[in-house]
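In structure tokens below, several structures.
Here chain A shows up in two complexes: once beside chain B, once beside chain C.
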Partner chain A sequence: MSLLDVRGLSVGIAGKEELLLRDVTLSLQPGEIQGVVGESGSGKTMASLALLGLLPPSVELRGGTAAIGGRTVLDASRRGVTRQVGDLTMVFQNPRGALNPTMKVGHQVRRVLTKVRGKSKGEATTETVALLRRVGIPGAERVAGSYPHQLSGGMCQRVVIAMALAYRPRVLIADEPTTGLDVTVQAQIFDLLRELVEETNCGVLFITHDLGAVAEMCDRVSVLYAGQLMETGTTIETFEQPRHPYTRFLLESLSPQESSRLTSTEEAGVDFSLPGCRFAHRCAHAFERCSDFPQLFQAGPQHLYSCFLGEEEDDVAAQRSQLA
Partner chain B sequence: MSSPVVAAASVSRPRGRNAQVLSLLRRYPMASIGVVIMSVYALTAIFGPLFVGDPLSTSPSDALAPPSSEHYFGTDRFGRDVFTRAVIAARLDVVVGIVIALIAAIAGSLIGVVAGYFGGAFDEVVMRVTDVVLAFPGFVLALILVAALGDSIPNVVIAVAIAYTPYFIRLVRARALAEREREYVDAATLAGNGRWQIAFRHVLPNSLTPAYTQAALVAGWAVLDVAGLAFLGIGIQPPTAEWGVMVAEGANDVMTGAWWTALFPGALIVALALAFQLIGDDLQGEKR
Partner chain C sequence: MSLLSVRNLHKTYGSGARALPAVRGVSLDVAAGETLALVGESGCGKSSTARIVVGLAQPTSGSVSLAGEDLHARVHDREVRRRAQMVFQHPDQSLNPHFTVARTVAEPARLLVGGRDIEDRVVEALRTVGLGPEYRARRPRELSGGQQQRVAIARALICDPELVVLDEPTASLDQSVRSRVVALLERVQQERQVGYLFISHDLTTVRRIAHRVAVMYLGRIVEVAPTEELFENPQHPYTRALLAAAPVPDPRRRKRVVPLRGETPSASDLPTGCSFQSRCPLVHDRCRTTQPQLEPLAPDHAAECFAVASRPEHLGVVGSDGRP
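What follows is the complex of A and B.
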């Protein structure tokens, strides 16, 4: 059984037809790091906020369920399903913003230990320093007594990771945890995340638009576009044999020789109220069936994609093999 | 562990005390002047009463004596020493100004953060009430309230504080509205904090910056208001040694040439209000 199981998650702007997330399905195994990639505005952050129950008031849950370890934590048809403290936490995009500017960082880590893990004050104080040392902060005692503005961005992100370590979540959502950090720090943060997974066997949803980072870090990857899950599979399968035209575009955009430049989503614009495939209007292979919403097709035991084209290709391939 | 990353990430070290004072002077020149004036008032308020006599002792033979080495500020029509009364009054006026600012700031911030963070019906009601209160000029409102509550120092303090509370409610509420959207609030929610804990432990401390500078300004205005009310014969009553009362009493004698009875306490009010204003203005100019 998977650790995190999200089915048919749909999220929309209150009072409007448009769906910001449409029928998103994700599953995460214990000890797995899963990349969630997509352009800005593809719904990566929205999906995590929905899971955490932190959607802004203007956005509402339209459908879907989520379960952690078999226990429902989110159900659009039943309001008030609550997650247990300790199930799920998030490493936010902006480390400075994720720390309270008027509270010493040590105190912030300590509060997680006392609130979530029920530690006594004394234990928590000792463990706070140990955690800060763990994440590679030199002079941990001194840093514990500092305010966030006295620390660099990299230091702040380490503190945030220390808070996640203190939390010991079953599922950790890391929302672009290394944006704005330089490469060396980035590598250290990746190592820390890996250590966290090895140590606690938690699952990590690693949200990013850095495909390089995904290749380096992730066991599996899910590709989102305009709130629609395009493709999901093991990183190797997905990157080497992408089944969805969008995934191919995304991968091609990495190679410098590629001449056909993909216009950005902002330039192209996305109509979130269209019933069909969200990518159809930009897809070179679009055909009449694309005005329907494509369900997930199976390409392998763990490899799913949301495109009618694959089916056609399979048909063509089948016909060819019959002819041969 | 001596990689460049670690070096760049080290905590900033506190500088020497003198250097800190100098840089503060450079950053806040006006506030520094205000602080110097304030310190003179504070010292007078604390230690002044030890050096002067009874502010109420009259000496009819000395009535309306001009300033001299014996009576620095002269005497009033009852022969009371104006300097003695002015020094005694410092404690009352300074304390009243600061206490009013504190009450208004604390009450306003607490109401403001609840209104801003929780929103909803409470927010709606609070905003409409502040609209009503702000529709009155603060001085006039305080005047009405003291008239209703009765003349006493605590009533004056409460009345003026009520008149200024809406300023703090609005400032802190506006800031809380912005702060509640920040990520650390979400992080605190995930860490199992309740809504009230988030409102008071996380959002409130981060919403107070504008209230600090406002408090300095309000303290100055409050001194003016209290003295103004006393001048009108409302609130603090003669023969209490209070600058507004002294100005009111002395005003009658100015016509006969005894300018000192009203001028000195009046100047003291102005200088104190100015000091608060300088501090508040300079800090506000620095911006949140």
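What follows is the complex of A and C.
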């Protein structure tokens, strides 16, 4: 059974018909780091906010369910479904913005321990220093008494990860956790996240637009475009045998020879009102069926993609093999 | 003669106990039609160097000459300023939100060159960056990030400069947009033989666009080499760590080593001797007392490290993963 199971998640702007996320399905195993990739506006952050129940007031849940460890934590058709302490937490993109600027960082970690985990003040203080040390902060006692503005971006992100550790989540959402950090520090934060997963066997949704980071970190990857899940599979399968034209596009845009002939997403624009495949108007392989919404097709035991083309290709391949 | 020649540049912010030496003896050259990339992590002094090179900041000491003329002696001379232009990192901040695209692009031409054909030149500059004349009346908020950066590039090109300093021009853009902006910069360079000083921490983009690369650490250039030589045969331990830390978009080439522990020390609290000593795997006694200088290792390849300079036979033995 999956640790996190998201089915048919749809969200839209209140009063408008278009969906910012359409029928998104994700599943995450314990101890797995899954990349969620997509360009600006693909809905990767919106999906995590929906899971956390932190959607902006103008955005509403239109459909779908989410379960953690088999227990429903989100159901668009039922009110009052709540998460349990320890289900889910998030490491945000901008660590300085995620910390309270008026509170010493040690106190912020300690509050998680006292308020969420019910530790006594004394226990919490000792554990705070241990946690800060655990995430590789030199001089943990001194840093615990510092305010966020006194620390570097890398240090702030370590504090945020220490808070996530204190929370002991079963599912951790890391939203671009190293954007704005230097590469040598990024390598250290990646290492820390891997250790965290090995130690606690939690699952991580690793949101990023950097395919290098996905290749480096993730067991599996899910590709989003315009709020639609395009493809999901193991990292190696997805990189080596991408089935969706958009995944191919993303991988090709990494190569200097290919990229100059591709139209960037920004120039092409994203149309959230399309009834069919949202990538169709940019897709070199689009055909009449693409005006329908493609369901997920299976390319392997763990490899799914949302494109009619693959089905056609499979048919052709099957016919060929019959002929041969 | 090189187009841009910087000699022994120093820049110290503040004074006395609070002095912050941001740039400490940088020398570099850029030829016409050449791209020199300046790479390094936050706080290494690359942006300070960039601002001094275009005359936006005064150096504490040292000289900057552009086509043989001392830039800072004639910094109020419009002709000198015309020759060196800059593109900033965040186009949403570097464009005046109240100005139309036409006014933004026309401004340098109006201030530095004058003449009656400014409107034609605006259209021409926009055409160069791939924007049609219909963009003239738009304002920055009506443009995407990639379009905004194109406007910023058009503004830098309208006076026909000889040198363009690009400070992280692609950092805030999606991958597919980034590739197209880089292709645009390459085309402009081929057409006009303009020299680029390309500031970046994105090594993939640097490898694609630069002819030579200079690596900065704490205000000094620690290694400079032709691009392929630097990526294939890095010598300075910091360069090796930096290259090893950058994620590669290939899940089969995953590396689980953290190339560098700790963080860059503060520029206000520099150790005597080599500034990299606190994180260097090759550190020995001499590094703690004496500042190494850039020593030539091969044609056009120099590094500032005792460990490398004393072992010339070491050259060529380093693998492409940055490890001996």
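One rule holds in what follows: the second predicted complex is superposed on the first by the 321 of 324 C-alpha atoms of A that agree within 3 Å, B and C clash if a C-alpha of one lies under 4 Å from a C-alpha of the other, contacts with A are read in each partner's own complex, and residues count from 1 in each chain.
Following the convention adopted for this analysis, contacts are C-beta pairs under 8 Å (C-beta built on N, C-alpha and C of every residue); 3 or more make two chains touch, one makes a residue touch a chain.
Given the structure is predicted, the values throughout are model-derived calculations rather than measurements.
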| item | value |
| --- | --- |
| Partner chain(s) touched by A:99 [first = chain B, second = chain C, both, neither] | first |
| First, second, both or neither for A:60, with chain B first and chain C second | neither |
| Which of chain B and chain C A:154 touches, first, second, both or neither | both |
| Which of chain B and chain C A:184 touches, first, second, both or neither | both |
| First, second, both or neither for A:90, with chain B first and chain C second | first |
| Contacts of A:123 with chain B and chain C, given as first, second, both or neither | neither |
| Partner chain(s) touched by A:75 [first = chain B, second = chain C, both, neither] | neither |
| Which of chain B and chain C A:195 touches, first, second, both or neither | neither |
| Touched partner set for A:215, first chain B, second chain C, both or neither | second |
| Chain A residues contacted in one complex by chain B, in the other by chain C | 138, 152, 154-155, 182, 184-185, 188 |
| In the complex with chain A, residue positions of chain B that touch it | 1, 3-6, 8-12, 181-184, 186-193, 201-202, 205-206 |
| Residue numbers on chain C that touch chain A, as the complex places them | 41-42, 144-147, 174-177, 179-180, 182-183, 201, 203-204, 208, 241-242, 244-256, 258-264 |
| Chain B-facing residues of chain A, complex | 52, 54, 56, 85, 88-90, 92-94, 97-103, 111-112, 115-116, 136-139, 142-143, 146, 150-152, 154-155, 160, 163, 167, 182, 184-185, 188 |
| Partner chain C, residues of chain A touching it in the complex | 39-40, 138, 152-155, 182-188, 191, 194, 209-217, 235-236, 239, 249-251, 253-254, 256, 259-260, 262, 264-267 |
